[in-house]
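In the two assemblies presented below, subunit A is common to both, partnered first by subunit B and then by subunit C.
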Partner chain A sequence: MAEPSLSEKITAANAEAHRRLLGGEPVLVDVKLAREAIPKLADRTVLHAGPPIGWSRMCGPMRGAVAGAIVFEGWARNLAEAEKLAASGEIRFEPNHHYNGVGPMTGITTRNMAVLVVENRAFGNRAFCTVNEGMGNVMRFGGNDQEVVDRLKWIAGTAGPALGAAVRNRKGIPLKNIIARGLSMGDEMHMRNTACSSLIVRELAADLAETAPKELPRILRFISGNDMFFLNVVMAMAKSIAMAAHGIEHSTVVTTMCRNGTDFGIRVSSTGDTWFTGPAQMARGLLFAGFTEADGNVDIGDSCITETVGLGGFAMAAAPAVVGFVGAGTLNDAINYTKSMTEITVGPNPEWTLPTVSMMGVPTGIDIRKVVSSGLLPVINTAIANKLPGRGQIGAGVVTPPMVCFEQALMKFGEMNGAL
Partner chain B sequence: MSQQQENETDKLLRSEVRVVNIGLREFARDLSSCKIPVVHVDWSPPAVTNPKIASLLAKLGG
Partner chain C sequence: MPAVVNRIRRTFYMDSVALMRISRAVSSLAGVETAALMIGSTTNKKLMRDAGLLNADSDSAGANDLIIAVRAGDEAAAGEAIKEAEKLLDAPAVSGGGANEWNPKTLATALQQLPGANLALISVPGEFAAAEARRALNSGLHVMMFSDNVPVEDEVALKREAKQRGLLMMGPDCGTAIIGGAPLAFANVVPRGKIGIVAASGTGLQEISTLVARNGQGISHAIGVGGRDLKEAVGGITTLMGIDALDRDPGTEQIVLISKPPEPSIAKAVLERVGKSKKKFAICFIGVEDMQVPANASLSADLRTTAESALGGKKIAWAGAAPSAADLAGRVERGRNKIQGLFSGGTMCAEAQVFFKRANVPVASNVPIPGVKKPAAASADAHVLLDLGDDEYTVGRPHPMIDPTLRNQMLGEALKDGKTAVILIDVVLGYGANADPAGELIAQLPAAKDRKALLIASVCGTEEDPQGYSRQAQALKDAGVVVAPSNAHAAEFAIAVQRQLSA
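What follows is the complex of A and B.
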């Protein structure tokens, strides 16, 4: 029998990547401190969103969040000392993705922060994401004052352990069905998580009442007051799913997309841990009253792990309520965004369907070949951060990665497979 | 325009319309729905202008 051609090998490998993306069984299994969940996360190490970056190239919100995290950990007494320490070279900066983690916006994670733990039971791997802090003055937007630090300490010391106990009491909360229901209730899981944030409260409330009766009112108020609470859950879930599709020889499927507020980076299933990066772009969308584009930071965060597994912009047709918010036009435009993503993906996910598009499955498994040959870039729904640290969100929009990431990845793949 | 060219154009416009649609399929669908015969050619401008990448894509398929 003749050896399959490279093209045939790629087709088979991508079918396997697609099978793994669809075959994940993600379960929220715990909430615990990062140092317990990720033992290799060392002291004086700060994990951040996006591909690798050093202090000198970090944007304002990222620097603000790093300084806040250093104070939170007690490595410096105040923000001025923290910035000095960050610039000194004594702090190690690494992407969340190098630790099987993800984080929204600045994505800062350190040892004593609480993280959600999602286990992909079909493939036996675990992924992590910090707990969503709420809106406004929060570390993910670069916030770093005492209010931010105190909230993170309450999450790590009180809410996190209580949530962890409740989740363990349930022996884990399977997430795929919640996503399926959320899609039919108007969430696309990146810029709208209203339905799923409510569903997770229903899942947790009784167990929280048993495991943390004293703290119950505050914890429920904290979750209920934040429509984006579920974002961090879905991010850890998406990471656990994407990890299983990484490392398949000959696969051209994207397994990581993320941004650090300066660069956009992707990784591809068969090209190992190599990052392919290019300049992060400014999202196009709607800005809150009083802000102009000049106030915004370029694209930032690990949250486009949602698009990597077929949610977010790829599922925009599910979320009529978010279409206007991200300035994407009408529902028909949202449907077109979703349909256009079928051009660059391996296939649909029949378990996550879209009522507005005749129950079409979300387009899943971005193929770098299709991106480069079509010129069609992945569509990402995103929040727009104020470029000044700690000022929060100033709008929302749609953004795409730079094409150069996909071109570089394709060239590397060609080189690895003797096709150049 | 010469007299001969004008005659040719005139003749073309008076004859039965025969359409070859290139690119956007919606135009072909619109004509078909009006019962106008149309042949559609699936084509789009090449997104790849770098010859090295174009050659690589030809080998990798997709």
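What follows is the complex of A and C.
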């Protein structure tokens, strides 16, 4: 038989990537300290959102969060010392993605923070994400004062262990069906997690009552007071799914998309650990009262791992309310965002369906070839952070990666496969 | 003195995105500095306080209440803004209107949406057109390429590839086709019938198909090939394939072939192919009066005679009596005696030149047919016929068939010019053309009594075209424009009027 052409090899490899993206069995299995969940996460190491970045190029919220994390870990006594330490070169900065992790916005993760552990049982891999802190003055927006540090300590010392025990008590919470239900209840899992945050409370409540009766009221108030609680769960889940599709020879499917508040970075299944980066963009959308676009930070966070597996902007049709942040804001607009993503993906996910589009499956598996040849960029739903550290969210909207990421990736792919 | 006004709606809930949209609308009102509509949760109240939007009125508002907060230049503006906010809350604007259908941006998705499709119309900037055409051919689609500025090497490669796959590659620079009754790009609504057309000339195809339609017959298929197909380099690949296709087509009884004069070697190949067919051919190599053609073919130098051959010899004539050239010459200001042609269709301009040449009337054109000179090189007494669709006039602006601005301007100048006696014009209807070309033209004209030159026009279109042939023709007649039954008649009549003036 003749050797298949490169094009045929790509088609087969992408079909395999798509199969793996669809075939994941993500289960929330634990909540525990990062140093236990990720043993290779060393002391004096700060994991951050997005592709690699040093202190000197970090944006304001990222720096704020790093300083806060250093104080939280006790590596410095106060924020001023923390900043000096961060600038000194004695702190190691690495992307969450290098540790199978993800984190929203600044995405800062250190050894003594609690992380959600999602196991992809079909492929035997695990992924991690910190616990969502709620809205307002929080570390993911660069918040770093005592309130922020105290909350993180409570999560690490009280809420995290209680949640971990509850999850273990019921031998894990399968997530795929929660997502499927959430999609039919108006969540797209990136900007809207209202339904899924409620569903997960329902899943956890009885077990929490058994494992942490004393802390139950505060923990329930903490979770149910935060519509975005589930975002971090879905991010860990998405990471666990995307990991399984990484490392397939000849595949042009994107397995990582993320941003560090300065750069946007992607990685592709067949091009190993190479990052393809370009300048992160400013989201278009609606801002809260009193803010202008000049107050916003450029795109930041690992949360577009959701789009990487077909959720978020790709599932916009599930959440017509979200599309109100951009354009005319009609259901049709929402549906059109989703449909346009079918043009740059390998195929639909028949398990995650959209009631507003005749139960079409979410478009899944971004193919860099299709992005470059069509000029259509992935649509990402996102919060907009205040560029000043610790001031929180100032709006929400839609953003795209810079095209240069996909062009670089395709050039690299071409080089690796003798096509150039 | 800025005023902060808060209004509370108790136990009122609305989706936060909807509230943000109303906030934005209210913020943009005159005199308003900023405004927010938010549910009174602790987080939201902090946000509003930080934005300088909260006053003591909102202290009692909680998570089940809505706060409408406005900061404005004065109390009155704030009050108006609150009113507007309440109006928007009570009757949220229906945004976006009806269903906007989603159109795929890539060929692959378009094919998924319409699996039976067998033709792609490509209209993208020239430098990208070849890549798109390759994709289409790879997907087994015939191609009509509207794009121009495609290198001839690409055209040759694409046409060869298409031929290998048994697909028609119409274009580049193919502006018109009618396939199986479907008008593509610039085309007219003509009934289906037994006459097939293969044309390397867009307006030539339009003129013949509409003359056929207005004289009671129809078109099976009209295949455009692109202006360069009969050049040596391309070798007439699509013309020959088009003839093959129509020859095989049981619905086509006779075939019209339209082109500028081809290279001799290509003409030979095409005529050889024509000779092998059992069908009748009417051939028009514009301006070529004499050439040996096979027995099953007739040759004419102009479009009207070609259309008449296709109609089985039926003469195309003025409806009723032809107007009197002598009478109409009387409308022209004394001393004027020049004809100025302002054509939007290139083949119309070429056909008009044929009639001037035949009548031995001196003529010049920016796009001259063989034997005609450019205006700069022509004698001073030459009448000038301009193709305003030629590249020199279309750089940076739409084609005159779409946007008549340039022709309007030149028409105004010609009317003022003390030498211009007759202005010869083509009015092209159909899909893609201006929505009311007659109206655009009439708007330029001074009242008939103040007009010092005569306008002679032909209308290329059918009754079923979006603009409607009769409506357009009648509007022109009402404005004192002579409307001829074909472009050829218009040219002939212009010459007749001019002769009256020189007599």
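Please note the rule applied: the second predicted complex is superposed on the first by the 416 of 420 C-alpha atoms of A that agree within 3 Å, B and C clash if a C-alpha of one lies under 4 Å from a C-alpha of the other, contacts with A are read in each partner's own complex, and residues count from 1 in each chain.
FYI, a residue touches a chain if its C-beta (ideal position, glycine included) is under 8 Å from a C-beta of that chain, and two chains touch if they have at least 3 such contacts.
Keep in mind it's a predicted model, so treat the numbers as computed, not measured.
By the touch criterion defined above, A:136 reaches subunit C but does not reach subunit B. Once the two complexes are laid over each other on the shared chain, residue contacts for A:335 go to subunit C alone; subunit B is not touched.
In the superposed pair of complexes, A:414 makes contact with subunit B only, with no contact to subunit C. Once the two complexes are overlaid on the shared chain, A:79 sits clear of subunit B and of subunit C alike. Contacts of A:201 after superposition on the shared chain: neither subunit B nor subunit C is touched. When the two complexes are overlaid on their common chain A, residue A:374 makes contact with subunit B and with subunit C alike. By the touch criterion defined above, A:185 lies against neither subunit B nor subunit C after alignment on the C-alpha atoms of chain A. When both complexes are overlaid on chain A, the residue A:343 reaches subunit C alone and has no touch with subunit B. Judged by the touch definition given at the top, the superposed model places A:290 against subunit C, while subunit B stays out of reach. Comparing subunit B with subunit C, more residues of subunit A are touched by C.
Comparing which residues of subunit A touch subunit B with which touch subunit C, the overlap comprises 370, 373-376. Only residues 5-7, 10-11, 252, 367, 369-370, 372-376, 407, 410-411, 413-414, 419-420 of subunit A touch subunit B when the two sit together in their complex.
Residues of subunit A that touch subunit C in their complex: 135-136, 286, 288-291, 321-322, 324-325, 328-330, 332-333, 335-336, 339-340, 342-343, 370, 373-376, 395.
Taken together, the subunit C residues at the contact with subunit A in this complex read 15, 17-18, 20-21, 23-24, 27, 34-36, 38, 43, 46-48, 50-53, 69, 95-97, 99-100, 102, 104-106, 108-109. Those residues of subunit B that touch subunit A in the complex are listed here as 47-48, 50, 52-53, 56-57, 59-62.
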